[in-house]
Amino acid sequence: MTDAAERHPFLLTRLDSAITWAQKNSLWPFGSGLACCAIEMIATAAARYDISRFGMELFRASPRQADLFIVAGTVTNKMAPIIRRLWEQMADPKWVVAMGNCAVSGGPFPTYSVLQGVDKIIPVDVYIAGCPPTPQGLLHGLMILQKKIAGSHPTKEILHPDARRTD
Amino acid sequence: MPEELTDRPDLLQVAEALRERFGDPVGAVAFEKGELAVRVRASELPAAVEFLKIVRGFNALNDMIGLDRHPAPGEGRKRFSILYQLYRFPGRLRVRLVIDIDEGEAVPSIVPLFKSAGWAEREIFDMFGIVFRGHPDLRRVYLPEEFTGHPLRKDFPLEG
Amino acid sequence: MTGRTLLFELLIPVLKIVAVILYPMVMVIIMIWMERRVVAFIQGRLGPNRVGFQGLLQPVADAMKLFFKEDIVPRQADAFLFNLSPVLVMASSLLAFCFLPLGESFMIGSYTLDLRVATSPVALLLVLGLSSIGVFGIIFGGWASNSKYPLMGALRSVVQILSYEIPIGLTALTVVFFSRSMDLVAIVNNQRDAKVWFGFLLPVSFVVFWISGIAETNRAPFDLPEAESELVAGYHTEYSGMKFAFFYIAEYAHMVLVSSLVVILFFGGWLPPFPNVKALAFLGRVPGFLWYLAKIMFFLYLYIWIRGTLPRYRFDALIRLVWKWLIPLAVLNFVIVALGWYLL
Amino acid sequence: MAFQEIELNMGPQHPSTHGVLRLKLTVDNEVVRAVEPVLGYLHRGMEKLWESLTYPQIVPLTDRLDYLAAVSNNLGYVLAVEKLMGLEVPKRARYIRVILAELQRLASHLAWVGFMANDIGAMTVLLYSFEDREDILDVFETYCGGRLTVHGIRIGGVPFDMDAGVAGMIRRVLDGLPKRIADIENLLDDNRIWLHRTRGVGVISAADAMDYGLTGPPLRATGVPWDIRKEIPYSSYEDFSFDVPVLAGGDVYDRYLVRMREMRQSAQIIRQALDGLPEGEFQAKVPRILKIPPGEVFHTIEAPKGELGFYVRSNGTDKPERVKMKSPSFINLQCLERMCKGNLFSDVVGILGSLDIVLGEIDK
């Protein structure tokens, strides 16, 4: 199979682009509102900014059905194991967006109870700065994520399980 | 803004009544920025709160505030203070009761008098490690049970 | 066997079977797209408009993505039942579509083309029965997930679906009184002969049937099994990938099924409206299945409209509604119609 | 079916807990026997952090407490500090503060009604109310550049003057508001399902409410006319005429009505403040390095969620010795168990929603 695939890279490329087309256009976020950023995330889903234009309005309540984990807000040490577990419950392929300074780096809270950046516990695909980022900022971050997905090679990951992202 | 207690006869009356009832404790009565603060002994606190609630009609406990004076509590002072903000509605009267306690000293709980003290006392227990005697459910309220230390003590570093 | 009969006896049934799978799928895709756009418009938003023309390919992208998603079976789950239940849910609604006619039978040469896969004199009974097999899928799914929220969601779902089956059955029977047949084509033909749609003749039956139909499909304002503010995602909380897609598609297929039933039982199926008005006779020249689709679409739109407007019922109110109002009303309606039929 | 009491765990990551709150529920056949909120999933150590910051540096952090009503937090803290300094704020600044605070109250209540309706399953209301809220956020953005975490009030006054452009914008928002509130009320007020889900649900008596320290709209819905804007006026609230809506039912529906009526009163206050906006400075003289002589104050204001208090204790340096916040949501949430007991499991989300809690200020 692998040899055949290597002999016909064209086929795989077409398959890749078809899969990534579906994936980038159907990112169902997991509604994980943690703090202030959650309100801006909801505002992004509301009428003025309307995330549904990208097909992303189906905020899933169950992590099993979501593709995109928007970490919107401060992750505390008490919350960190839960975030990690929710991420583990999500089905592959999955992506993570760190929304807001707190999720990116701990933000304005260099204290005993705040995790200094969510990338310490789960891999992050896109970082969005701001305290909180405006809805435009979030949408921009999601479009960058779409570009990133469009450039990925899902078939490679299926054919060579070892090539799966380890970051 | 009145700077003398005599400008506020209503508050003066409360202060007089407290002094009459509980004698002249350590720091006695202070009046600052229009706010009345009365220092009472920790052991007499529930009696003082009950007196204010039932006799003087202070029907709301606004807040409980913990203080840590570490490392220099001052001459003859104890390390911690707890401030009780009481309010009378209607009547626009606000009184602050202050108690001083040392490390390891337990404070009588006022949950039987004000239900709202339940979480406030848990918060002070969590943040300062002050134990409330008679509290129905004294556990940490914010931090996980396995957390060591009490963050709002002055000798606790910010980064933990 | 001549080539001609082979063609008709073999090829056409195969084509029909393909059609009976494709037709609900296409309807579901249209329905999902329509729902997301219409709800968006009700809420002053735009809705999906990036993928394909006006976002029409959005459901396709969703389905494709779900197809390539990891399939998770939770460790604590009962793997056999867990895997069985989405299949059961999906199969039951697809099976019911076999008995749904898409239009009148017509002749190609000497061959009568029946626009349905299976013909049965008790098609109505079969459709109602098959579509309720899905409830087993729901209870298996909720139970096999071995988790509290799915179980509670499944329990609610079962209680709700079983309760609302009763008024559905009772009101469907009143239609049978008039049509004197449980054959769905015969029911429509009866309405043509009677020159009146049963919906106007039996308004109470229609209203009760429609309300119960919404509850049957677990849709707003009766979407308690999936009330995400209470139960996360209800019985399918633990499902991912294609298995979740099965539940999702089956729910929409079920909606199409209920809408089709309402149209056939109460609104004359593929009959054109106003057959008595001479000036509007040209309406009869529009092919029947277009009328049929248009009517189904209207009821699907009603589903979305209700979802965009009403809050959710509380569980006790939901049960009270069916046992204290709908069932007595359906029984009363049944008796009155029966008496009327007997006396007239 | 014989259903034993089962324990359910809602959250900390649950669609309706409005953030990272966890509820331990004991449910018996869908009837709630006990509720225990578990807090601290958003505890950021604010109060500890404040002890290492200067007085003006603390102001933007107060935005992140009740992030649905950032200006109210600013106002509460700044007023406490000014009281401690004995600083007199120009009247124009006081009026602008009132305008901002009342706009914030409108925004907060609009967001609340949306969340509340969404919890009960009427999702369209959320979209409507957020659209209206966006208009108010636009005003903030035009005024000072902030949308959600506004930082719209500084020690000694306000950062910018209220010019004609912003004032006109506010008037336009206010003109459109009655119709928009009416739109929301049309969707909810006479809706039988909404009435069924809210009337007689989560009832609490006035005596219990006082005992639990309940404040704000939930308290006024039990018949206690306690509004600090009237009781101990601050920031020139005594200049404006407005009513305090009070209802006696103490249930979820009355809390909803109180908030809807308060929105109309807020609009009225803003109009009066805009009409009577005095000329003059909008910022008092405040030293660049602000050192406050030793002292302590406790000051409360009427925030959208309830009574918001700040205790500030200075020690003569440029950093406070202790800042304690009395957050209304923290106190109000204690009532949840009292309100939920005996109600149905489905009502817990509605009752929780009706309290209007924000985890940012509960967990600090």
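Labels for the chains are A, B, C and D, by order of writing; each one numbers its residues from 1.
Assume a contact is a pair of C-beta atoms (placed from the backbone, for glycine too) under 8 Å apart; a residue touches a chain by one contact, two chains touch by 3 or more.
None of these values were measured; they are calculated from a predicted model.
**Student:** So which chains are sitting against chain A and chain D at once?
**Tutor:** B, C
**Student:** For the chain pairs A-B and C-D, which is connected through the larger number of C-beta pairs in contact?
**Tutor:** Looking at contacts between chains, C-D has the larger number.
**Student:** Of the chains present, which has its C-alpha mean closest to the combined C-alpha mean?
**Tutor:** D
**Student:** Could you work out which chain's C-alpha centre is the most distant one from the centre of chain C?
**Tutor:** It is B whose centre lies farthest from that of chain C.
**Student:** Could you grab the centroid distance between chain C and chain D? Build each centroid from C-alpha atoms only and quote it in angstrom.
**Tutor:** Result: the chain centres lie 45 Å from each other.
**Student:** Can you compute the centre-to-centre distance for chain A and chain B, using the mean CA position of each chain? Integer Å is fine.
**Tutor:** Averaging C-alpha atoms per chain gives centres 47 Å apart.
**Student:** Nearest whole angstrom, what separates the Cα centre of chain A from the Cα centre of chain C?
**Tutor:** Once rounded, the distance between the two centres reads 35 Å.
**Student:** What is the distance, in whole Å, between the centres of chain B and chain C, each centre taken as the mean of its C-alpha atoms?
**Tutor:** For chain B versus chain C, the centre distance works out to 65 Å.
**Student:** Mind pulling the chain D residues that touch 2 or more other chains?
**Tutor:** Within chain D, the residues that touch at least two other chains are 14-15, 40, 43, 45, 48-49, 127-128, 131.
**Student:** Quick check: what residues of chain B touch more than one other chain, meaning two or more?
**Tutor:** Correct list: 142-144, 151, 156, 158.
**Student:** If you look at chain C, which of its residues touch at least two other chains?
**Tutor:** In chain C, 43-45, 228, 232 touch at least two other chains.
**Student:** Provide the full list of chain pairs in touch.
**Tutor:** Result of the pairwise touch check is A-B, A-C, A-D, B-D, C-D.
**Student:** Spell out the part of chain B that touches chain A in their complex, as residue ranges.
**Tutor:** Chain B reaches chain A through residues 142-144, 151, 156-160.
**Student:** Under the stated contact criterion, what part of chain C meets chain D in this complex?
**Tutor:** That would be residues 42-45, 148-149, 220-221, 223-224, 227-230, 232, 308-317 of chain C.
**Student:** Once bound in the complex, which stretches of chain D touch chain B?
**Tutor:** Touching chain B: residues 39-40, 43, 45, 47-49, 52, 83-84, 86, 210-213, 224, 226, 231-232, 295-298, 300, 307, 309, 311, 313, 321-322, 324, 326, 330-331, 334, 363-364 of chain D.
**Student:** Chain A touches which residues of chain C in the complex?
**Tutor:** Within the complex, chain C contacts chain A at residues 36, 40, 43-51, 55, 57-58, 60-66, 68-72, 228, 232-233, 236-241, 244.
**Student:** Touching residues of chain A toward chain B in the complex: what are they?
**Tutor:** Interface residues on the chain A side: 77-78, 110-113.
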